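Residue numbering begins at 1 within each chain, and the chains themselves are lettered A, B, C and D in the order written.
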């Protein structure tokens, strides 16, 4: 199962849990599983069905570029981070 | 000068003359302000004299009666944008805030905030017209610092601004972000030494020499063209379209040569106004900012308050760190506090940490990016504390950093572990430098070191490589060249095709002529656009092999391209040069042009380390930089001269930030230093030669190992200077800039220097 | 918004005729007294090599030589050019042959964005014309009126010293 | 910029006539390095600029070992620095002129313009006061001489009345064992306006001070002649105690304000520091003459 590391300010939604396991083949399913486990979670990540521009997704140490389309492996580690516009 | 190892490369790592150089030394290169068109009008912008005021009414009647005045526009001429964060082009931002910064709507939020714009037949007439526009202001109390802005009951800048924690209460705090790991209390309990300090840094400006400019041409058919100096033509297109309420496809942006940006030219100010005024007058309209407009109303970077508590064991292991950062966003949300929070501990492996960041609106211009945005403020604070911890342990400050330094596999503050990085190598490069090894003697002198981190960026880039009929090539991208990147693009192309560098011509083209190229920023051009160029050149090479195969009636896989020659692997036919093949392209299927578009992955972060010697005049507090060396991990230096140039330029900006640069506001919120006379960037008499060490720890995520070099060298200098001042005087400076009045005050308080003591006694 | 309704013919601001020499060529132009020499060069004569960086004489991007002396063309009126001998960056190269300073700036990578370069070239020329063998300190003093934000000055100072050393001017 | 007329008379008489005709609406014009900036900022809006640079008498440096120096009001600063007589006889005034802005500015700016601009921070003004310079002013009703310390009446305002102009400076010839010096403090090493400026001239008899004049810039609404500080040195042996006393009195004579260039406290401190240093330099030079 892939693991999502929850940003500290969102841990109130996961009852303080820092690491959450999800069953997913891509980020869309990751978010869906988070929403299933913690209703209301998706609203913090999605905007019109895709990852908010203000959020970056890191999959196994690599910044994602495909939003909800990025694929994840069964043993992936996924981080949701504040987006950094490079040099802007 | 540091020589980069050339490895097995023929072109990469050499120092050819840049292709755009001659035009720039003879004065022919066209910058934004150099464009002129028949019938062109000149625009000027009326700016608020108040830091915070309600705009009751604007009356332009008198101005419109002035002979030569053609039009006056205000925010009433812009569509009302929605007040929500959304994706505009590549940036996540609030369209309403974007529009309100172009022309104030209802409220002026800083000294210099644009209120109206005029188009006239000469810049002088437009300027005179501004004096005739009557604006009725109701002045409100200004909120100038994060401390004031965060106080309960503070005057509110944006009535609709909310954040998650304060629910439905109006606030000036746009965002709170937090990073937490391990057990902070346990970490501090394990510490033998704990240092706790509060730092303040002043708002500073990028200080590019070329002011913002734009020429807008709106055609009767509803098509608009903008000529301007920008780091991001595609951003200018999407943001201007957003502000004007027209489809992106209706606007073409032609990037002019750009006279410096450093992040400050990644957004829009004049661009939509030039089109708006052109639409109303039917004529081309040019706007150029004055220097005072640039300082008052473009996008400087945040002043900040940073509190740090960090502890380490006696043997020099950092056990815990807590950081609290509050950054001035300016009048609208969007300070680089996120980057500040994510970079502040990046050089160190620390198990127990807590980092809080606050994005705070104040009555100052909306901040924009500035070279490694947010990181320099943060490094000034943490690198001073690290220096202090190392001292308490009696450990050399560089050794202390190596002991605690991040390396491959270290968990980043933001979670994922680092891939191959060059922090340790960069620190050791300074440790082993002739500078650090040399003795520093003489009174009132000190040597300081500091290090810095920057992410670098990937994002989207496109490139086309055309093979011409004479066997030369051109490489086309949409990434404006702010420091010599065109030369690098040509060198990558020449390397792949095996052509001499003089046979490759690099171009930067407009937004209609190439696929999306995101902003020139984040040190991404040589990395990301370089990746696109590399792949486009490979694509061209592949096509050339196919053509040769067709000529030789062989299979493409039986042909290879080496050093500009096509060879049949079985050597059954004489090799053919690209030049020979180029002449036969028409008969083998037509022109060859290689293409590639990427959303670059595999970004490799960069680290820098700086060593600086200073001498301080104990009577006046004035600091002289005696010697300075900077080491930085470039991954791979494509054109070493321009890599060195980036290291030297960033270091110079960092030293200016350290010594004298600052926005000075009076109590009413008026900017006092609106010119280069009193906004004091370093002159060449203020700096020594800047020695560079280009470290090359290849980035595994790039075909050539490139990391990107544009930003991180600005990060260490302020802390390095502060640490040098400590060595010279025993005083820890915690405020930027470390200008003579501040330093002297500290000296007098500290009671150092005989003359000063007698002076203090008076 | 409002578009100007006054279409009645109005007299344009008064212009003055000026006779001068620019880059070795006798030149005549018309300008308003309020137009700076920089505006005249850029907007009237379409020589945009001299750049506007501050309009207060602090950045030196508009530096030209007036009777051999470096001057900020933003702080000189066009009308003052009468009977003067003016050299701008466009007059530095001889035909297709670059001035040694121009050549060395290219070889030493002394420019990044290049917008301050014309001003530096003119100040450096003024220095070397007077003092063919300056020390580093003299070079830095002579260039102190020209701001560069890209390079940290290192490669610029090196280029000027290199030209002096090669003694070709 | 607003519209204005430009005239360049070639004789003093023409210039005075023009200024008389235009009255308050006219402004004399020399190097332009201050007024053009002020006009762009809309601070001054003269309808007529009268360029004085074509008037020969105003562009001359005339030195006579007995009569002293006549320095034309429009002589550009760079020509002062390039003049061997100036460097030798008035090193303090020369270095002050060579400190103004960049070489580009010095090629245009004049000592006369520096004074007429009326800024308390003008670099050459304290140097002139230290030398006991008089300003020769000409107008419709003939000419008059004004001690330079009395020339500026408030920031940006001078004793010049409408129709008057500054012709030249009259500066005594340096006596034996006398010299001058000027130092200013700025945050950078060039291109800044003085945060504090101190000019000093000394005449020595062995180690005893026969005459002294100390003047301060940028530490009051106008340039200041520090009379007490100057007098405190006269008749005294020039030892550290005497210099210290003068430095303290100079500091007390200053009335600085807080602004973006420095706090009042900082400036008062710097006045004493620079006074000490300036006196020492002037004394060393005086001994050599």
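A few notes on this one:
Basically, a residue touches a chain if its C-beta (ideal position, glycine included) is under 8 Å from a C-beta of that chain, and two chains touch if they have at least 3 such contacts.
Keep in mind that what you see is a predicted model, and the values were worked out from it rather than measured.
Comparing the CA-atom centres of all chains against that of subunit B, the greatest distance is found for D. Subunit C and subunit D have centres, each the mean of its CA atoms, that are 29 Å apart. Chain centres here are Cα means. That of subunit A falls 55 Å from that of subunit C.
Remark: subunit B and subunit D have CA centroids separated by 43 Å (rounded to whole angstrom). For subunit B, the set of residues that touch two or more other chains comprises 124, 676-677, 683, 685.
For subunit C, the set of residues touching two or more other chains reads 13, 32, 34, 55-56, 58, 141, 144-146. In terms of inter-chain touching, the protein chains here follow a pattern that is not a line, ring, star or complete graph.
Contacts between chains, counted with the stated touch criterion, involve the pairs A-B, B-C, B-D, C-D. Residues of subunit C touching subunit B in their complex: 1-6, 10-11, 13, 32, 34-35, 42-43, 46-56, 58-59, 61, 88-90, 92-93, 98, 102, 105-109, 111-118, 121, 139-141, 143-158. Against subunit D, in their complex, subunit B makes its touches with residues 124, 127-128, 131, 619-620, 622, 659-660, 664, 672-673, 676-678, 680, 682-683, 685-686, 739-741, 744-745, 748, 755, 758-759, 762. Only residues 85-87, 90-93, 164, 176-180, 232, 263, 266-267, 338-339, 342, 368-369, 371-373, 414-419, 455-459, 519, 521-524, 599-603, 710-711 of subunit B touch subunit A when the two sit together in their complex. Contact residues on subunit D toward subunit C in their complex (touch as defined above): 1-6, 8, 31-33, 36-37, 39-40, 49, 51, 53, 78, 101-105, 107-108, 189-191. Listed in rising order, the residues of subunit B touching subunit C in the complex are 15, 17-18, 20-22, 24-31, 33-34, 36, 60-61, 64-65, 67-74, 76-77, 122, 124, 206-211, 257-262, 280-281, 288, 290-291, 482-484, 639, 641-642, 644-645, 648-649, 651-653, 675-677, 681, 683-685, 687, 689-690.
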